[in-house]
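The data blocks that follow each hold one structure.
The two complexes that follow have subunit A in common; it is paired with subunit B in the first and with subunit C in the second.
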Partner chain A sequence: MSETNRNRLMLVIAILMAAVYLFPLYWMYITALKSGSEMFATPPSFWPSQPQWDTYPFVWESRNMGRYLWNSLVIASGAVVLITVLGVGCAYVLARYRNVWVDIGLFLILMLQVLPASLMITPIFVGYSQLGMLNYPRLAVIIAIAAKSMPFFVVLVRATFMAVPQELEEAALVDGNSRVGAFFNIVLPLARNGILVSAILIFMQAFGEFVYSKSIIQAVELQPASVGLNSFMGPNTNEWNRIMAYATIYVTPILAIFVLLQRRIVSGLTSGAIK
Partner chain B sequence: MTKQIELSGVNKYYGAFHALKNIELSIEKGTFVALVGPSGCGKSTLLRSLAGLESISTGDLKIAGELMNNVPPRKRDIAMVFQSYALYPHMTVEQNLTYSLRIRGIGKAEAKKAAEEVAATTGLSQLLGRYPRELSGGQRQRVAMSRAIIRHPKAFLFDEPLSNLDAALRVHMRKEIRTLHDRLGATSVYVTHDQIEAMTMADHVVVMKDGVIEQQGAPLELYDRPANKFVAGFIGSPAMNFVPATVGADGRSLAVDVGEKQTIPVDRQLEPGRVVTAGLRPEHLHFVDPGQGVFRLPVGIVESTGSATYITTSTAAEVTIVETSRRSVRTGDIIDISVRPSDVHVFDDKTGVRI
Partner chain C sequence: MKRLLSSIRDGRGFDIVLVTFPLGFLLLMAGLPLLYNVLMSFQEVDMFSLGTFWRPFVGFKNYADLFAQPETWPILGNTALFVVGSIAGQFMIGFGLALFFWVNFPGASWLRGLFLVSWVMPGLVVGAIWNWILSGDFGVLNFILRESGIISGNIFWRSDPNYSLYAVIMANIWLGTAFNMILLSVGLASIPGDLYEAAELDGANAWQRFWTITLPMMRSTIGAIIALGLIFTLQQFDLFASITSGGPNNSSNVTQYWAWDLSFRQYDFAKGATISVIMIVFVMIAAIVYVRSTRHEVRG
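The block that comes next holds the complex of A and B.
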């Protein structure tokens, strides 16, 4: 088989895999536009015959989506700010010092990453109720998400810092800067891309977070969109087109961010963003 | 002459590892000092200790008469040129040059003027607006130098600054750095593993090995009177030949062991019968007419560069000879070699110390 034929075959395989992977997303978008009867038609139609655009404003109004999305935004932004402020310093230290204790610290951090949220929620919930944190449910969720996602952020940002040559910092020290000054003047600007990318990934995770929000936030008016979507679906649900419209409104902004920043995200994850 | 840098009894430990052993070094103002030695000899550690990037464990370190043991780098008023240049990639050439001035609170206009002046002398005027990634290796090297010059520091520290350049540019920059040093009247400490760089650039060469200063002095002093076998083998290219020898009964000659014993005269009185190592520089051995020499050696390999012929003998202790005349010689020939008695170096067989 010649080189070009091989490449073509690979391309076909890649497209097929991508199609399988992206099919649920496609199904979400078209179902949202189908009418109630078309939705249940057999065989199913792969393109809506009469797109029902008014499902969107209806769902937005009736489910009070503005409030849910605002709550999601507050929780995700809060978690990202908290993680970035705490995680950057942590990642820097882990990147610059090498000894047994740092290795142990890294191991523990990676361990935390392994534990699933559904396992952690029980002790967290009990702890929060003892501390009275359940009276500030959104803050409580922000802290819980920060604790869960911090390891991921620290590991990514540590790699970014390790890509900043130590000699640059030393040059800044000799040039007359203090260690703190060298960090803010030299290291941080160079690690900015990696930190930004990691923060965006954390934001996208936190925006869709469900387990902690569902368990900790009881008041409907403080719940994020993920919990709102869940409460939309009951045991006898048949309004799938509306649920899909809800899901579309919820995920499209995140998808848009990812598509727009995709090149930077991928290069940030692989190269550490420094030449 | 005032002492610009003084080190006395300096030791450095990394845990149990003894990186610098009892370093004594004093550098006069305006001198160009080269620290040279094989990798891992402690020369870079010593330089970094001068910069304050490493702290010394014991001893005194003075710069311009002030004790600097625990002073952070920013207060030592020294400039350093790194092997990788360490240019700030997110700053333009001008911002790189003025960074140290801006930290010291010097005004924008004044800093810009200083940058333009330095750039004019180092040929960077056209490049001030560029980023380091847009420069060639040689240009980056110049930026690194200029960044050091702009501050008029008490001392310049160079950490193998030429090792990333190609051979031709390296020879050129060698001269340029030395010219710059003389023009600024600066005090420079230059770390290199290349003995030719050290010999050609420095006023004072410090040869180090395993954290110890083996010998220091003027370049030709090290070449003419190496203190021990290590320095003798390190300084000079191609390296000195070492041949096992025994002092003759009269104490004025050596019986050297090159396959068979041959006797060569020396110019000083030695203890008869002592087992020693004779050191002979390739360029001091001369290829002469039959019967004129003190040695007769079989030829092994002949390599010619045009300007010189390198002859390696096929004896057990290989001897290399550099011959600049074009005498035809072939593998298997037996040739006569002469050497002046004053050019024969003698080292103790056990300790390697010069006798």
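The block that comes next holds the complex of A and C.
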């Protein structure tokens, strides 16, 4: 078998495997377009006979999705800003030095990274309620997400800083830059892409966050889209086409960002998580 | 004062300022709750004492009560099954895919990256999709299994106590496989190619090369991925909330969902804290394994 034929065969198998793997996603998009009766047909149809496009505006209106998505956006943006402002400097220092203190700091950060949110929510909720932070529920969720996700961000961005040659910073210092100047003018611009990709990863995570929002935010008008989806799915629901339409609206922007930046996200993810 | 300012602008002070605020924030917002959790597990916490720090201490009563409950051991067993099943599935499928994509062909890395969409999707959305796929009468999974002759009658994945945990495991395997595959691919790519050339010259077949080169060279990667898998599996909450809610009758309940359920559904914060403490110990052990297996990277 020639090289090109083998490549073609491999590509076909790979596409088939990707198709099988991504079938749940396809099923979401297809179900959202089915009518109520077609959805429960046996055998199920794998292509909608009459696509019901007006399910989307109906779900958007009736479930108040604009408000939910806005809250998700506020929470995710707030968490990303807080994490970036605090985390970049921390990652820089942890990348610049090699000593026992850095090891201890990294160890602490990795330990805090692994705490499951659903186990930490009990003390966080009780503590926040004692401090009166439950009166500002979205801010409380932003802080909780930041404390949860910052270690991951620091680990990723640290890998980016490690790739910036230290000689460049030293040259800037010799040329009369202060440490602050060298950091902002030389190091930060060089690490910009890595920081951006890590921030996008954090944003996608925070955009789908559920445990903290569900437990901390009681007022419906402040809840994010994940909590909205959860309350849409009652125990005996049969509105699956509408739920899938909700899920489609919620997840498509994230998928679009991911497909556009796929290569960078994958390489950024792998550089930090494991070597 | 002036020296302090100039140190912050142009000396060690700069590093110290950069690192103090984030670490302080983390210790305050993640470390302190951790200690508070341990404290609460030794206290009597009810709706009336929720607002005060000085609650009556009860020693190990919460722990004793917890293990006296009939559902505790089954739920711990479910957790073990969930962890082992999820990690085994994710790892084996992920390793298979990583080995397949390791053979370099045009488009391999792009297609491989595409698998990761399962990982970037919100857990609630993944749960909603699988909830619908696994539906008993109209679920597409039952249809496919029936048509291919694997089952004769419908399986009620979400409401049959014999299957409910496996329903969540299935969804979780789907969710985590891509992440495993990507990390394993990185490990595979770092094995020097001349090792294989040498082995081929010595007449080793593909099977022998896999067992004598690939697996031993991947040992630290595999250790790190298993440990990461354990950490991620114990963090999985969204799928339980969106597929089975731990039911029916706790048959698909696991500790990380139970802890939340105790605190926020039954308002038994002390028990919720107690089970959290127990599970956090397990997670910490996994984290230490993970840190040890990536230590050469951590030290740079």
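Here is the rule we use: the second predicted complex is superposed on the first by the 251 of 275 C-alpha atoms of A that agree within 3 Å, B and C clash if a C-alpha of one lies under 4 Å from a C-alpha of the other, contacts with A are read in each partner's own complex, and residues count from 1 in each chain.
Note that in this section a residue touches a chain if its C-beta (ideal position, glycine included) is under 8 Å from a C-beta of that chain, and two chains touch if they have at least 3 such contacts.
Because the structure is predicted, anything quoted here is derived from the model rather than measured.
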Side-by-side fit of subunit B and subunit C on subunit A, or clash: fit
Touching partner for A:G66 - first (subunit B), second (subunit C), both, neither: neither
First (subunit B), second (subunit C), both or neither touched by A:P57: neither
Touched partner set for A:P189, first subunit B, second subunit C, both or neither: first
Touching partner for A:V114 - first (subunit B), second (subunit C), both, neither: second
Which of subunit B and subunit C A:S178 touches, first, second, both or neither: both
Residues of subunit A touched, compared between subunit B and subunit C (which is higher): C
Once both complexes are placed on the shared chain, angle at subunit A toward subunit B and subunit C, C-alpha, multiple of 10 degrees: 90
Which superposed partner A:P165 touches (first subunit B, second subunit C, both, neither): first
First (subunit B), second (subunit C), both or neither touched by A:L255: second
After superposition on chain A, the shortest CA separation from subunit B to subunit C (Å): 8
Intersection of the subunit A residues that touch subunit B with those that touch subunit C: 178, 274-275
List of subunit A residues in touch with subunit C within their complex: 6-7, 10-11, 13-15, 17-18, 21-22, 24-25, 27-28, 31, 39-40, 42-44, 86-87, 89-90, 92-94, 96-98, 103, 105-127, 129-130, 143-144, 146-148, 150-151, 154, 162, 178-180, 183, 201, 204, 207-211, 214-215, 226, 229-230, 233, 235, 240, 243-244, 247, 250-251, 254-255, 258-259, 262-263, 265-266, 269-270, 273-275
Touching residues (chain side subunit A, partner subunit B) in the complex: 165, 167-168, 170-178, 181, 186, 189-190, 274-275
Of all residues in subunit B, those that touch subunit A in their complex: 51-53, 72-74, 78-80, 82-84, 86, 88-90, 99-100, 103-104, 133, 147, 151
Subunit C - residues contacting subunit A, complex: 9-11, 14-15, 17-19, 21-23, 25-27, 29-34, 36-37, 40, 45, 50-53, 97, 100-101, 103, 105-118, 120-126, 128-133, 135, 137-138, 140, 143, 147, 174, 177-178, 182-183, 185-187, 221, 224-225, 228, 231, 234-235, 237-238, 241-242, 245, 256-257, 259-260, 263-264, 269, 272-273, 275-276, 279-280, 283-284, 286-287, 290-291, 294, 296-300
